[in-house]
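Below you'll find the structures, each written out as structure tokens.
The following pair of complexes shares a single chain, chain A, combined with chain B in the former and chain C in the latter.
What follows is the complex of A and B.
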């Protein structure tokens, strides 16, 4: 059964609190039992608590599938880019290196690439993916556009990304301000921006120059 | 959509792309036909009753070679094919590579080690089906091509003689254990295949993950074909052993239909992986070569994340496919950014759009930027294996 058209995935990294609930929930998925496909990183571990959760964004024209020499990655009619077909994947790493969002993982021992398939066993029957079900801050959310518009009146979903000269459209949306001047998220333009946070002092008992507490 | 995909290929290039695989397919079929003629001593030992099987194998040979040649034309496949052979035949590495080839064939092909790593029951399933099919092919193909036949030894009718390519190979008593074992080789093969098919169907009926993504033509059709071939083959044995040849002709035709159908299906469905899969041996040598060469360093965080050769090859493949990941300035190409920094960049790009609305202050700009790290590399939440760790979580 295909994933219902009305239901979509929305990512808002700015809401992520780094709780790892998505990672734990992801291991429950039947299509990759016991392995988490969520990529959750600290952007700058030493200076910031900013975390970024990334699931597969399911590109319209997936680079991972195009560069696969074994033709192992298939996109279903409902726009889900499935994990590598097990009989075909030759573990070459092309998809891992080529994915513009850094999503696939390589399980060398199994000679197999593994990636998020949006919990196809659940979403194809109208259920929420595990990560979106477990995410307490709804940085990872799954529902209708109407629900999102009601719950997040100041944000809008965008699914077009710019990488240098390459434009990529995806099935999964990322949330940007409703009045943002653009409907394209230019990833490479912000690539060298430092993380957002506060300076953390090494010595927490040290007095700050402005007289405040560390 | 990549630009190349939007461009209409010219009629002459399309014709060229088809003509070469057709020529390869015709050539392979011709070579096999000649081998059948030579091996059967100009059809002297060819069993006319098996002519349908012979033609279906010839068709499968054409189809498989055609599809393989088409597959090799895809830019990433062509690149890996070329690079795999270059890595294997690299001067100074040939002896070591030859040894590694035997080791990898033993571990991956013969022992299915990587499938057992996925799941032990799955490994057993594949092992049973694979060895059942290999034994069956090893027995039937030489018989069908007239390369092997058996005859009574003149002067001693208690002995049977195996003749390979027209040359006497070995003799054995026709009522001995070895004769029983040899003449029932296909029965043993069918036992292995049926057991494997039952395990595979059991998994597909019980596993919700498999049920979500499986397709009839891709996943069930091969199992049905293998089961039909094995069952009708066993029915032949049952007919002549215990039922006085009851319905033998009908079962023989039924068996022929299932076998020929399987051969005709070989180039199109899941069975093609049998011929595609050995490419992983080439990948192994390519990775070995990459590890011995210069590493690629991420142009955002400065850390090594893959072999330079791999990144350069991927840039070329992406260019051939019509992708335009080139970045103006020092970064040059998005392929020089490591997967971790790509994920961080996505967050930074989204954060930049929210700047001034959600609070937080950008920290001082220090280049190269720190390498993002996985929140919890333990508990199997980080890298999936040694290579994943080497490449992406140094």
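What follows is the complex of A and C.
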């Protein structure tokens, strides 16, 4: 049974208290027991207790799947991007490197990429995912769009993100202040020089633009 | 109070051999707990054991092992939410360190203890108690109990001490937790319970959080506060540290530790000056306002700022928001209460609530946030040194007569009130108390000035500990009896709102371990004094508790296990009988206290508060500084507290791998301004010293703490223990120790401490 359309996932970093209930909860998920698929980090502990939790955002057109040479990563029709299929995954790490949100994790012991599948075992039977069930501050929340609009009138869900020239639309929403303009950060605008990856892909045999040796 | 520093060596032993045999070792999920697609034998609805909020949860049980947890979405307080401790609590069960036998101290045995037959251990315990009591008098044997036990067990502990042992000396570790709030509430309201259910937080316009690290110590309450803010509430946080709940608050008041009374006096001063006062409420429902008003006249914003270290404009802003609010909720916790002026601090906070008139109505409330698993219920039914069941007083002849009648004994045979937990330790030190039984209490880690505590415990003729793991204190015991985990017994607890909830048994005790109350009853029987201690089940104890509490302030007579289950808990007071014309509480009990027109057994209709005239008391709260202030020799304030992943002395949570991994070791938290002056960088080893001891930990350099204060979390033992430094100064009324302020000096450590290479982080 697919995850019901009306129920959506919302990340509200302003509410996060860094308690790691989500990480502990994630390790209880029946599809990957003992492994957490959540990233939770201090932004700058020296100056703030601000923490930010990241679960898979479940992209409409997942970069991880697009770069997978073995076609191991599947997005089910309900929009959930699943963990790599074990018989296909070649543990090449492409997905880990390509995901703009840093979600997939390579389990080197198992030679398998694992990632958040929005607790498919729970959400597909109408339950909330583990992390959003447990989260004591409801920085991770699961419910309907209407419910969120009613409960959090000062915030709005955003699910379109810009990474350079890549526009990414996701199933998971991030809550941002309702009245603030959408701020699209173009990563390349603040970069000092092109990444090594681009250099190699674009023009691997050419001299570097600054005249140095390749 | 400021004396010379101790000259004797205060370094605790490393105890490596004992740790090797008994832990703390870390448990992680493995085998059946890691298998996927397992169908549990049963889901047991119960509550978390790791704080006073008592979140509802379901334990997944397979083959007498708790293999995991599942949210209990229907339980209304937390609706499935859990903090990391709740999610991983199941790893304490079937743990490799679990005590499966009784043990006797034996220097020749591995780890210093030899396993022995349970019956023999009970017999030896009874013989030792009898020997001490017949030689030195009944009061020479003391009992220390705990507030993480079920209410049934706390009832049995009180009865065991008062009726079986007939010792005056029983006290409990709520002495380190709830007693300042309890005393302050009794003095102001005549009753000791959160005035409001947490639902009232949601509709409050201003929420004032004082000395409560909600996000780490009561994580589920965070969602109530955040939800109120979504609906427009302003959040004011009073704390020396920008804790996670303070990070996005509307107004942060960085109080200098130990100066809280000054702050609340200053706020009340401004409320009076601007006439942000509910005169009608004060007139009708309170006494004492004039004297309090006169006493705060001197607390001008300027003076308040000088004493509290908070900017004048912030004090003014707080007073204005609080003073002009339509609805509000004030909550506090140990940050306000762990002081030698803890009761005064609490009463000064209550004064601004009463002056506002915002109490006893929807969305207008006040509460202390309980800390321990049964922080509320554990302080109501007779294991406090001056208490009898139902919140009755051991010194009150009528109360003695009633309870003695229920117990079937002569009231004259009941002991008189004894002394508090720390005074029990002092009496052990002086030799007045020669024997001790402790349950659910780890004094070596949790009491202040722990060098003194260790030294005292070594003097005991006989010390028996009931525990499920060999706690740091149990290492000092002569006999250790294997008790029960939360999931191995049933009963009730009363959570932070005053809601009585059911703890259900998930698994059987392993080995020779058994429910704590059975062990107590076995000792009573071996003493030949089992009268009144022949219960066969917690339900039977609860039925007697209902009778014993009937007519008291903490009246449970109308509560039954069935009623609790039917209504997701029942709030006390819940009498079974009331006079004609007085309505009985609804099916959920008395959800909100002090509602207009409400009846209680003290006022008997005269008013909503629990005094004969039905009126609340405003109490004059003159500011007095902390017992040990900073000086040239010890120029920095030390304050202590919790982290989210650990619980109390860590006897349970320091054995749960994923929780230890979150925050493996304590760090000494300091502001970069202070760190720069001391030449300490983030991650350096730093030594803090007080007049009582020293402690070397890594430094955490953060801007989220006052530059005149350092913070150390207290969950760790031995050389990592913050309580090597803390002071045993106590509040004169509540006897709570001053964990939140003492004077230290800090320097960069000469070398890494010996424990760093010798012990694992949790040890």
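Brief remarks follow.
We adopt the following convention: the second predicted complex is superposed on the first by the 181 of 214 C-alpha atoms of A that agree within 3 Å, B and C clash if a C-alpha of one lies under 4 Å from a C-alpha of the other, contacts with A are read in each partner's own complex, and residues count from 1 in each chain.
To be clear about the criterion, a contact is a pair of C-beta atoms (placed from the backbone, for glycine too) under 8 Å apart; a residue touches a chain by one contact, two chains touch by 3 or more.
Note that the structure is a prediction, hence the values are computed from the model and not measured.
In the superposition on chain A, contact is made by A:33 with both chain B and chain C. With both structures placed on the common chain, the touch criterion links A:46 to chain B and to chain C. With both structures placed on the common chain, the touch criterion links A:67 to chain B but leaves chain C unconnected.
In the superposition on chain A, A:151 makes contact with chain C only, while chain B stays out of contact range. Of the two partner chains, chain B is the only one that A:107 touches; chain C does not reach it. One of chain B and chain C touches more residues of chain A, and that partner is B. The contact surfaces that chain B and chain C form on chain A in the two complexes overlap at residues 14, 18, 20, 23, 27, 30-31, 33-34, 45-48, 50-51, 154. By the touch criterion stated above, chain A contacts chain B in their complex at residues 12-14, 18, 20, 23, 27, 29-36, 38-48, 50-52, 54, 60-61, 63, 66-71, 82, 86-88, 90-94, 96-103, 105-112, 114, 117, 120-121, 124, 154, 161, 163-166, 174-177, 180, 182, 185-199.
Chain contact summary for the complex, chain B toward chain A: residues 1-2, 5, 71, 74, 76-77, 79-81, 108, 114-115, 117-118, 207-209, 211-213, 270, 273, 276-277, 279-280, 283, 286-287, 300, 306, 310-311, 314, 317-318, 321, 323-328, 331, 333-335, 337-354, 357-358, 360-367, 369-370, 372-376, 380-381, 383-388, 391-392. Residues 14-21, 23-25, 27-28, 30-31, 33-34, 45-51, 128, 133-138, 151-155 of chain A are the ones that touch chain C when the two sit in their complex. The residues of chain C lying in touch with chain A in their complex are 28-29, 33-37, 68-69, 71, 73, 78, 80-84, 86-88, 215-216, 219-220, 222-223, 226-227, 230-231, 242-245, 247-248, 644-645, 658-659, 662, 672, 682, 700-704.
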